[in-house]
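Each of the two complexes below includes chain A, the first together with chain B, the second together with chain C.
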Partner chain A sequence: MSVQNYYLPESLGEALELLARYGPDLLVIAGGTVAMPLINEGVSTPVQVMGLRRTGLDEMARSNGNVKIGATTTLTRLLEESPVPLLRTAARNTAAWTIRNMGTVGGNLFSPPPAGDVAVALLALDAEVTLTGSGGERVVPLARFWTGFMTNVMQADELVTAITLPVPTGKTAYIKYGRKQAHTPAVVTVAAHLVVEGGRVQQARLALGAVGPHPLRCPQAEAVLTGSELSEDAITEAAQTAAGECDPFTDAIASEWYRRKMVPVYVARALRQIAQEEAAS
Partner chain B sequence: MSRGFSTIGVGHPRIDAIEKVTGKARYAADFSLPGMLYGKIKRSPHAHARVLSIDAEKALALEGVKAVLTPWDVPRVLHTGAPAPRLGSLRADQLVLTDVARFVGDGVAAVAATTEEIAEAALDLIEVQYEILPAVFTVEEARRPGAPLIHGTEGNLVMPPIIVQAGDVEAGFAEADLVLEATYHTGRPSHCYMEPNACLCYFDESGTLTIWASTQCAFMVRGILSEVLGLPLHKVRVVVKHMGGGFGAKQDLYQHEFVCALLARRTGRPVKMVYSRKEVFMATKTRHPVSITLKQGVKRDGTITARQALYVSNTGGYASHGPGITAVGTIDMTSLYRCNENWRLEGRSVYTNAPIAGAFRGYGAVQSFFALDVQMDELAEMVGMNPLDFRLKNAVGEGDPSPSGHRLRADALAACLRRGAEEVRWHERWQPPEVKTGRVRWGLGIGTEMHSSGAYPDIKEQSNAILKMNEDGTVQLLTGAADLGTGAHTVLAQIAAEELGMPLANIRVVSGDTDMVPFDIGAYASRTTYVAGSAVQRAAAELRQRLLALAGEKLGCEATTLEIRDGEIRRQGQVLLSVAELVRGEGGRPAVALMAQATYEAKVAYSFAAHFAEVEVDTETGMVRVTKVVAVHEIGKAINPLGVEGQIEGGIQQGIGHSLTEDLVLDPETGAPLNAGFVDYKMPLAPDMPEIRVIILEEAPDPDSPFGAKGVGEDPIMAIGPAIANAVYNATGVRFRELPITPDKLLARLREQGETDTA
Partner chain C sequence: MKPKIVSFTLNGRPVDVMVRPMTTLQNVLRRQLELTATKAGCRQGSCGSCTVLVNGEPMAACLLPIEDVEGQEVLTLEGITPLHGLHPIQEAFFENFAVQCGYCTPGMIMVTKALLEREPRPDEATIREALSGNLCRCTGYQAIVQAVTDAADRLHGNGGVS
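Here is the complex of A and B:
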């Protein structure tokens, strides 16, 4: 193991100072559930590591129709205390209790696919990411946060400090499809948020996990849904459209071919859940 | 003897349950000694490469590093990883540290340092120059002309082919109305025991090596260490405390056991080594991937007329149990279903540069019975018979030959099939696949197995037991049989208690120290209850006779008029005195030393099972869910029914994993495992488990075994695989001749079959 120093700053200011001092040579972790296995196996060899768990960035607050989640809020707390049911479901479908006790909401944005099951839900909920650096704060929509596999728009001196999202006004659905019932990487994860008024979809948000270099939104499928009556035909068309918007990969869990086949199946199942709820309400 | 039992036949919680669940039980890695160093192995990143040179200078310069070993610093003794005394078919092809890496993870150097972290850092500083050699990972590649020879053997064969034949196969096929030939493939599951391989080694002032190890075969570890290190047997002491599983993989020695002892010898300090989970996955053992080309002829009335098979196992970089599992897998195809005693079976084991395959619960027979029982389903359909009736017509029974050469003593397999069929209401509920419709389809399938308790005649089975009576009426039971987490020690204590007429609480099992306990060949082959249990029963019977003789003397009556029950000496039901009173010292004199020893060399008994699996297949995704399993096992007598149920449920869980989700996937270019960790090597967990109904039959007790008991350890994993594959066929009409059945593959097959693209 290569780590020589592990810093545990007691405040955001202290953390930003350390980041400014070491720049890209400093590996930032929160729960460490993604980084530490790589370090322990010698895949990743950082010399300086900073843990954020004492920086007090774990507030979860609701105000003005928004929910603000501190970056180091654990997945267990999200599961138990989130005011947004979709996020509780997403947290419950992420890893196991031991990992959820350590892993954080902010850290989930850095979990390489097929991991990152909470990030998929955040993406469907129009979440924004607060980035704090030496020059102050800026806010980036989560949909524009990632730029590729394990790459993003952050500057070297910035930290993710919070994730903010509007409390969903429509109906949501979340399905993680894995090879087993629990504790398993996804074949595909689907999160959907639809606002339906007067029998028509006013606003559609559809996000996919485990089928691209990072969690993906499906703008074309969303466009198919918007204005539709959420009929079986619209659902089928949206599902097929989403299949064309993903960029899956092969791993020990599933092949690229299979993942692409499962996208329309599970998008349709998620959308049908919402359609059924709409019909019942 | 028809008296009721007091201790056996009743479910007892394990005698070591409390210490285990409270975390107090100590496993090999829990032991430490003052001044202890930590050892690590430098592993080859290449699947096939010659080590040209090793520069350890930088590693040795690192503060805290105490020793580095290279292939040229260790005894160059070719050895087998597998049990002593040897089978002729085992191959001595391993070195302590190798100068030719034969799979990704083969150990080429080792280091000892004051901390684990320093040892790991030192590994990175050891510079190894390799000449990369061409590598092959599949049997097809390895058998191709011009393929690299991994151990210099012709065609990469581990040993000459095993040929088993009887009758006249060609005449049998000529007599058949229909002949089917097909090839069946099984996957590469990993054992996934909870406790990683670990050991602690230390040489005392007399030059005696003590090794705390996690092994199923302590005396085998002693034997091979003695041979490779050049130490006499009385200067090697192997201590095994609790074990967290083995499933067959801990029948072998690994590089760490030799390296750890050599590092301890080199540094003069105790050395501990613990494998990481990744090392366990890449550098211990897997099950052998096997391909079986099976041809059978059948008459229209359902009579099987002949059987021909070619069984080819991929043993990876070293032979390990390749010859053994291939022999068992080949000869076991003479069993289970009759074929007019016309068979021609051939078994081959092939070296490749894949991870080493070794012994694994079901030892070669899992693969054979998968092929056999799936083909039984296919043949039933060809002749238009119900798969249950077709099996009942052909199931082996009394008088039929068994792989051991003995004739079977009962119609136990048919009894299992009938009892299971009744339980699942087979004739009412089973329907052919053609009538199944809808997105989610239900299917019902059968798998069967039979398995010997012990490995006789391939291995000359032997167990011993010593019972020592204490002056307060308690007993030490000394056994060399390991309890690798199966509950075997509880069973041995129950057998001793029952035979002695003492309460179970009065028996303490002492095991796992080769300096103290008598020889035992090891815990494998579903043999512990049958073979070690027989030794215990015989020793206990002798001790009981001696107690009764002493009591007769003391009471002035014939010993034959007395019996012991519940720790009391009785005559015609009347309590005369307690065993504690009988054996305590009197008049200032110590008690009489009462001990008994027994040796048992087993022949063979067969256990049988039929599993009925119910599945639901989502035809839109190819996902298979096992929803219920009815498991009927004929095991003679359940000494501890609670333990038997645990074994069966555990075997089914493991078998569901091997059938659906578990497979160590290799990178086709490099041969490195792609899922060497529990993140993406997926075993089924509690939510994945179906309802399991275990039915224990005790209709065919074995006359030579303790109270009629036969083995159960391996049996449950052998029937579940074909049961699932046959149930998937029943649900969907898709015939899988391979494991695992992944949703990927099933969906592709459903699409080929013309299921519509519903989404």
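Here is the complex of A and C:
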């Protein structure tokens, strides 16, 4: 059976009504860069579909030390207008111009690994996800949003409407390692945010992409870094620890073995970037 | 399944198409309107051969439900090709041997058009970055990058360099 209805609601209210009517039978798309390839291949055969392009959920605003990004903000706008440099870097490293003009920040949370290169940065920035349903809004830390490969904590009547994050107070680093310099799936993506004061790491957040069922934080490696002087020894230990915390997979891009080998290499490079910036400041 | 009518501007002219829900812009262009410059390489958004401009922005026609372009302006390679002769970007691709089988060329040219409208004199890194979503399996990219630089000269003058 082919698509019976493709709805293009013009407000959040309209979108939520449709979601309440159809529940899990309604496929929700925004930029279409995740869902359309599966539909074109015949892998996904939705009957009822809703597109979010006209819902107006694409505002990006900064207030009270937070940045709030509407779910349907395109990756191109994130690249050009994000007040957070780490997010601009992440957007630049995601797909290519054509796809960034279509793909959205909210949609990136639903991009199966090794995709999801913006989500990794959002995770390192301690972002929160606003879920809006018929009963109102709730806010979930991104670190608790995913429950497995392509699964998450959302209810059938909820939409991701915004992503909010505190403006980073520390230094950040982002490295995506792929087979090409651009427009490439990741072997591993690393995003880090460290607050260093008085020569010691006060707060560490380290996130990895493409090496697990979803982007993941590395709490043990973060613990190694916290309180350290970000010495080469601490960086090496944190990098090795991170390699033990991820859960890589084999695909056309890289094997599980290779990904696990590359995790400490790229974690260490990202941390060294921050250490060098600290030393220079 | 109800067919519906979608209206948009295609290459400067208003068109109405009767479609099944969620038909892609790519299929409307190629199958319904028989405008086959827009290619169908991967239908995954990975190859760039179906790139068209929507309101001046490059987009993958294979990933775009036709309903999403209702009321929008779509430009394809047919829309920039003059009745006689070639567009300066087409000339530049032709004369720099940036075409072998030609399948990637329409997408490359549409991205080049959007790029040169934003940046009249892009450097090589900018050109490579802009074209990174367009795959060519014949020529390699050197001739294509040269063609884009040449197209910039043709469109905006060569800045006094002979």
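As a convention for this text, the second predicted complex is superposed on the first by the 280 of 281 C-alpha atoms of A that agree within 3 Å, B and C clash if a C-alpha of one lies under 4 Å from a C-alpha of the other, contacts with A are read in each partner's own complex, and residues count from 1 in each chain.
Simple rule for what comes next: a residue touches a chain if its C-beta (ideal position, glycine included) is under 8 Å from a C-beta of that chain, and two chains touch if they have at least 3 such contacts.
Quick caveat, the model's predicted, so the values are computed rather than measured.
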Both complexes share chain A, so when I overlay them there, do chain B and chain C fit or clash? clash
Touched partner set for A:261, first chain B, second chain C, both or neither: first
Where does A:182 make contact in the superposed view: on chain B (first), on chain C (second), on both, or on neither? both
Looking at the overlay, what does A:98 touch: chain B (first), chain C (second), both, or neither? second
In the overlaid three-chain picture, which partner chain does A:51 touch, first (chain B) or second (chain C), both, or neither? second
Identify the partner contact of A:236: answer first if only chain B is touched, second if only chain C is, both if each is, neither if none is. first
Scan A:251 for contacts with chain B and chain C and give back first, second, both or neither. first
Under the stated touch criterion, which partner chain does A:33 make contact with: chain B (first), chain C (second), both, or neither? second
Just one of 57-65, 93-101, 111-119 or 147-155 in chain C runs into chain B once the structures are overlaid; which is it? 93-101
Does any part of chain A touch chain B in one structure and chain C in the other, and if so which residues? 2, 37, 40-41, 180-183
Tell me, which parts of chain A touch chain B in their complex? 1-2, 37, 40-42, 177, 179-185, 187, 236, 239-240, 251-255, 257-258, 261-262, 264-265, 268
Going by the contact rule at the top, pick out the chain B residues touching chain A in the complex. 117, 120-121, 124, 276, 278, 620-622, 660-661, 663, 665, 674-675, 677, 679-682, 684-685, 687-688, 742-744, 747-748, 758-759
If you look only at chain A, which of its residues touch chain C in the complex? 2-6, 8, 31-33, 36-37, 39-41, 49, 51, 53, 76, 95-99, 101-102, 180-183
Going by the contact rule set out above, which residues of chain C touch chain A in the complex? 1, 20-22, 24, 43-46, 48, 51, 57-60, 62-65, 67-68, 70, 111, 128-130, 132-134
